[in-house]
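Next come two complexes, and both contain subunit A; in the first it sits with subunit B, in the second with subunit C.
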Partner chain A sequence: MRRIRLAKACVVLIVAISCAYAGARALPSHASDDRMIADGTPGHAGGRLVIALRSEPKTLNPALALDEPSRDVIRCLTADLIHINRESLKTEPALAKSWSVSRDGRQYTLQLRRGLRFSDGEPFNADDVIFSFQIYLDEKVDSSQRDLLIVGGKPITVVKVNDFAVRFELAQPYAAAERLFDSIAILPRHLLESGYRDGTFSRAWSLSMPPSQFAGLGPFRLKEYIAGQRVVLERNPYYWKADRAGNQLPYLNEIVFLFVPSEDAQVIRFQSGDTDVLSRFSADNFAVLQKQQATKGYHLDDLGAGLEYNFLFFNMNDLAAQGPPEIAKKQVWFQDLRFRQAVSAAIDRAGIVRLVYNGRATPLWDQVTPGNKLWLDEKIAHPARSLEQARQLLESAGFSWKSDGALVDPHGNSVEFSILTSSSNAQRTKIATIVQDDLSQLGMTVQVVPLEFHALVDRLTNTYNYEAAVMGLVSGDADPTSEMNVWLSSGETHLWHPRQEKPATAWESEMDRLMQQQLVTLDYAKRKNLYDRVQEIVAEDLPIICLVSPNILVGAANRVGNFRPAILVPYALWNIEQLYVQ
Partner chain B sequence: MRYLARRIVHSTLLLFAVSIFSFAILQLAPGDFFTPIRLNPQISAHTVAALRSQYGLDKPLPIRYEHWLRSVWRGDFGTSFAYGTPVAPLLAVRARNTLLLTGTSLLLAWLLAIPFGIWSAARRGKWSDRAGGILTSSLLTVPDLVLFLALLLVAVRTGWFPTGGMMSAGFEDLGVAGKVKNLAIHLFLPALGLVLATLPPLVRHVRSAMIEVLEAPFVRAARAHGIPERRVLLCYALPVAANPLITLFGYSIAAMLSASLLVEMVLSWPGVGPLLVDAILAKDVYVVVGAVMLSSVFLVAGNLVADALLFATDPRIRMD
Partner chain C sequence: MLTQRRKLAWPVVALAAFCCVVLFAGFFAPYDFATQDRDTPFAPPTAIHFVDAGGTFHIRPFVYGPGDSGQSAESSAQGSDQPYPLRWFVLGAPYKIACVFTSRAHLFGVARPARIFLMGSDGYGRDQLSRFLYGSQISLLAGLIAAILSVAIGILAGGIAGYYGGWIDELLMRGGELFLALPWLYLLFAVRAALPLHISQWQVFLLLISVMGLIGWARPARLIRGVVLSAKERNFVLAARGFGASDAYLLRRHVLPQTYAVLLTQITLLIPQYVLAEVTLTFLGLGVGEPMPSWGALLSSLQQYSVLSSYWWMFLPALLLIPLFVVFYAAADALQELHKSVPL
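Up next, the complex of A and B:
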């Protein structure tokens, strides 16, 4: 018995040594030109970074993850072919070291880096890329990435050119084609193919599986998961990036993601030094943390406006057929441009910035925030609040005032409506309350109704049982292609009147044309002109009355080096392979 | 024996009723788990519909309930929409943490409540009894949330205790003694919160049950026989007073479970609480139903144990 055990131990030892040897050998092969050099300042190797997540990641399967905590962890474990640099907001090479586009803009040939290995030591090649896209495009998998990969109504096709080159073919030229690759994590075929063939892919890479069954091309790999408490990642020794001094990245030995269920608790944990990096917190908490910035060994950054835009909009759905008649009656006001202009003129955007966000937000007059420098239309006017102008507009539309100051429409009905907001978003409820007060100065009677989020979305997108709402959308990318569904009249998130069969108004039809055109135009300057016009339509025809964009607020312990937060998710962790601790 | 069988049948029916009610009530609210995804401009309505049908959300309520019952039979308790895995293992790990916290607190609360109650019953009307009365009633009036927040404040201000979690980041590297110490220091504040929240009513009940018995003629007779006071209290009065306290034990489990939900959220204890709140907000229905069922099972089982104990200690119940 003992002899067998000894023999087993020897085998284990030999395997371990040969693995270590293989690992050691893998590194010199990186020394070829295919290793990517990162641009940050060289740091020290070692150490551990602790970060809090609002809730547990639900899965580590990139094709199935829908929630932000899961995606935050997956981003550390995986890599994509072409990456959007969070600082420049432009694309840069990742697993693909270079690419070429055919003259008609429909074929992209990507050259893959050679000699790369997954975090379990297995080599990476074009078959993994083909396999990954097969999964994302499979209708049975229901991956959220599939919709991104449908261009011109047809799924993208992928062809293997050789072991280290793949060609993507699109049904039509697509302006943001390179940016598509950013959210597509490349999966290891050797680990997932059998499960995919058996039809058990939907259960693959759930958190209850042992770490040995995971592997990715990201800077870290899974070390352990303790349900309800934390996920620990360890350094991926096979990672394909190095710093300018030639040191293998990442620097950190470990990342610990703690699950801390509320924003306030996260702030407390950060304040007491339990966690090293903090993002996604409110201006109120920023003010609290700021007081102790000097003494507690951390620093805070206000990065200015992010990509979120908050807005007020009215129900402009076609309710004649089935909608509640009392809302249909009020739609006569909502559809009158002068009414919307008067509301926009009466809202004190600066007041919202001051009262709701302690000044840590940016007022908005269209959907592109100042943070999105590539697409911002500088020509959009920023008129100051003017009750006088609002009154004139209402008068010209036939509204009048009773002796007690209440506004009535041309038929003598007093102007009363309700604004829905999400009860779980304190800022939006406050915005609605300020709007309520601003509009009361025009003689409008407005009720603010905070609703549970699911109930709210159900009313906005399903039953259309609402009059007005304050909502916010966060662009997934700086590029306008990520907003197609918002601005196309047939779109699902064309919130004020979704899923139109044909555009209801002339300006919606123009917007449809502009959005479709920018999608297939490859020249940036031409696209910019087209999208500028979309922004002008939003500012002039006011389908949504844009109000404010909260600033991106982040904090980090002073000992964290190379901390360069950005306005695109994952705000503080996008360069995690370069973060180090001093 | 027939008494116990009857109680078990009652409890099972009760659990069925709880499951049907929680299932039905959760469906009444508009929207489902996949509703918020509709606001994501990058995901099409087709994908949302496919996800809903994959998880059976397009089927009518009775059929979903039947599916759920089958999965209970298999030991899965349904599939979580968010995690894509069976609910039972998700709950099991967190229930263990919740049990560690509530079990410790329950034990501590009773170990403190019984001597403290007897002590103040024996000193009835004296200033020490009154001071104890003022202390317990003022604790009783402090809302649990305020109490837990005050404890959190203590942790933040002093830095003596961790502000949340169950283990420190380097837990694996510690030795056995270090691990126990690390766990204990994390357990201290949440357990203290729970003890303070549940202790006052227990003390009051122990005291009044003892006082009632101490006035009985047999106690006076015992004293007249010259039996020492300590022996009278512990060996004669306490067993007689135990009856209402055993019933109270069942109820204290309920109080403990509801308070633990709150303390787990405030002091980030990785129990069922945060999972349940997360699931309620996301409308991850089967996780919510699973957690509700788990609490109900604890509650029903606690009462069943209390009933069984009463059956064993009180001959009057056996006579029925």
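Up next, the complex of A and C:
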């Protein structure tokens, strides 16, 4: 059970959202239906796009999908009510053409677009919305979206106002309420209700079902699935967006998702022209691709810092009662702020940026990256690396050095610990190796232990059998509410000491208060002040030692038009209905 | 007889020379294996010049120093025109000889800020040549320990099985077959996963090597059993037995000495085999951890497409291994020939 919850928590944080359009505005009122106009350059209809997925999607059921490949495909098949624009990072209308908020901030009334049809031609109305939320909120379905829809400890209630209006009622005011709707795909009641009543919903929309059983409100619909090879999507003729020239979107006739298991293989397929769009690849591969950029007919974009932050943290769980005694002994060091400050001062962040990311990354001193312009606290200091300062800090904390340079604590124990990383993430292992070398200059003996990802997560969140780890988190959204799980002391992803009953330190209790407060404050400037303080706490009290944020790197064949990658998932494909081929 | 001995000579000399270099890796390596030069990741092998930009010939070879800092990593390795002569017998990073004596003498080097990377540098700016030499210590040691372990157990099990025969023989040989059928890679994964985290990489490595050696005893045991089977029927053995020699005496004095030639061949064959096993293990992330070098660790960066396609000098350790294995197998071959021609 704990594992499942953790999976959910990860999803809230790490995973993302569904696909849509940029800076759209509503059609003039004389239009016969409620089609939306997208603001991209009008393109040509037809053609197809080939994209590689890291693995086969496990399911196409939006309520059950947890893995990134499944979500990548589902984003193309479905639509949400209110959407986060990936360029402006602000909300905008989607299936809901407008909405109003009650004065107390607890009731949202959404007006739905009229005359829309699912990809099988059946009409869409408020019953589909009610049905969808019924599924997402059903404990038996156990969807990953359920956690998002619990506000103030109570599930959101959904009320049908009329066929094209629904009201959402929240237990308390919620600053980011509009952003909740992003990623929540509206399901067709006419196809899924009988299965839901029979209790067979958990098997609905698995990939083995015939394409006629699927329908959504997204720009594409399922055409075929060949196990082990590909998923093919075709244009949804009933899609509800048009371009400025009045042409029905999407432009593409087909999208082919190939299953290409490793990043290197994906890079090679892209390089040879087998696939048209590439995202989520390393700076090393960026450099390789760059060399042939001019001759091979593709172009690459470095979008700058994304929302991922990589950090080092120490085990600060309460291990006195249980847990390995040899780790509990070392926690005396880890819990000493001066020790953490010394470690932070000794780490060569610029070296990490240069060696691990070829310069395509940004050094970090707190969790908000420069890519998140709405929430970045510019006042956070960026102290340069200083071994001298690190030694002074250690000295003031009672540490000393033996004649051979090894660091010993006040009780004469030499300072040795291990840093865990995920063996599937070459960059993080490399970061840990650089940190190991930096800390060896302070006389610390550090082992780097790469572990398989699930074994690593198990140690970090279940057994607490670790000393330190290098990890990374990707916010699903730029808004701090997506980070609640990380900064609340009771949170599942409060990695250094998760699921506390009451905050263990004064600064954790301050952080709890700030995070709770920003959640119910509706004014952006006030919220910004609150979250700035959270960033200051992270930078000063160093629960995690933030290191680096990699840049978002994407590539596309030159023939792909309207290619406007963004720093939010799904980096390159968020405006897939507007992509066209020349 | 004589030709065979001569045939044996060159691989043995080559091996001895290589082992000598490896033993004194600290002296032959210009740098420490763990020293990172973060300004020069993936620097190509340093070019050694005799003629400077002005066309003047220098008797003492020299290298060019680093360019302006702030250049991109790939081009900064040899940027400036400032020549730094190659010096012999210089003082540099301290190292230990045979884990006891500390020395700072190195065979060659250049004055800082210039650096000499004869085999290029890796992604952390560490000298590949130094890492290769230090790594050879670990890889060869791994091969040696594992080979000796499995041969030692092989002698014991094979000797007893061959000499006593009967149910003991059955038990040992069928047990050996069980070991042969073991998927050792998965076994090692399991062993690695079960180990606590705070033990050092060295201990992990020695443990894994020992496990490898321990489970590899079946093949040498079979061979030895065969030799023992025929040896114990020889007339002089039977005669000694007739005079009342004990089993232990017979095994020690008459039977096992006849297996020595086979053993020697086995060890020379097993060492490269276990060295390769070490390479495989480290390649898969089971061997020594960073920053310790080993041949597997040196090759493991080639798993990445970007390294494979951009930095040819990362292949150099792999290329060096080829002649080395040829020498090993040549020695094993020659030993086998020698053993065949020696009248038992």
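Couple of notes before you dig in:
Simple rule for what comes next: the second predicted complex is superposed on the first by the 550 of 582 C-alpha atoms of A that agree within 3 Å, B and C clash if a C-alpha of one lies under 4 Å from a C-alpha of the other, contacts with A are read in each partner's own complex, and residues count from 1 in each chain.
Keep in mind that, in the parts below, a residue touches a chain if its C-beta (ideal position, glycine included) is under 8 Å from a C-beta of that chain, and two chains touch if they have at least 3 such contacts.
Note that the structure is predicted; figures quoted are calculated from it, not measured.
Of the two partner chains placed by superposition, A:Asp104 touches none, neither subunit B nor subunit C. By the touch criterion stated above, A:Lys430 is placed in contact with subunit C alone, subunit B being left untouched. By the touch criterion defined above, A:Gly491 reaches subunit B but does not reach subunit C.
Of the two partner chains placed by the overlay, neither subunit B nor subunit C lies in contact with A:Asp39. In the overlay built on the shared chain, the residue A:Lys58 is in contact with subunit B alone; subunit C does not reach it.
When the two structures are aligned on the shared chain, A:Asp163 is found in touch with neither subunit B nor subunit C. In the superposition on chain A, contact is made by A:Ile268 with both subunit B and subunit C. In the superposed model, A:Leu420 lies in contact with subunit C only, and not with subunit B.
Contacts of A:Glu395 after superposition: neither subunit B nor subunit C is touched. Note on subunit A: of its two partners subunit C and subunit B, the one contacting more of its residues is B.
Applying the stated touch rule to the two superposed structures, the overlap between the subunit B and subunit C interfaces on subunit A comprises residues 268, 455. Within the complex, the subunit A residues that touch subunit B are 48, 50, 55-56, 58-59, 61, 64, 66-67, 139, 142, 144, 146-148, 202-203, 206-208, 224, 226-230, 256, 258-262, 265, 268-269, 271-272, 274, 424, 452-455, 457-459, 461-463, 471, 473, 476, 482-486, 491-493, 499. Partner subunit A is touched in their complex by these residues of subunit C: 34, 36, 38, 41, 72-73, 123-125, 193, 196-198, 200-201, 285, 289-291, 304-307, 309-310. Note for the complex: subunit A touches subunit C at residues 264, 267-268, 282, 284-285, 287-288, 324, 326-327, 348, 351, 354-355, 358-359, 416-418, 420, 423, 426, 429-430, 433-434, 436-437, 440, 447-450, 455, 465-467. The residues of subunit B lying in touch with subunit A in their complex are 29-32, 35-47, 50-51, 54, 80, 82-85, 89-90, 93-94, 97, 152, 155-156, 159, 162-167, 169-170, 172, 265-266, 268, 270-271, 274-275, 277-278, 281, 283.
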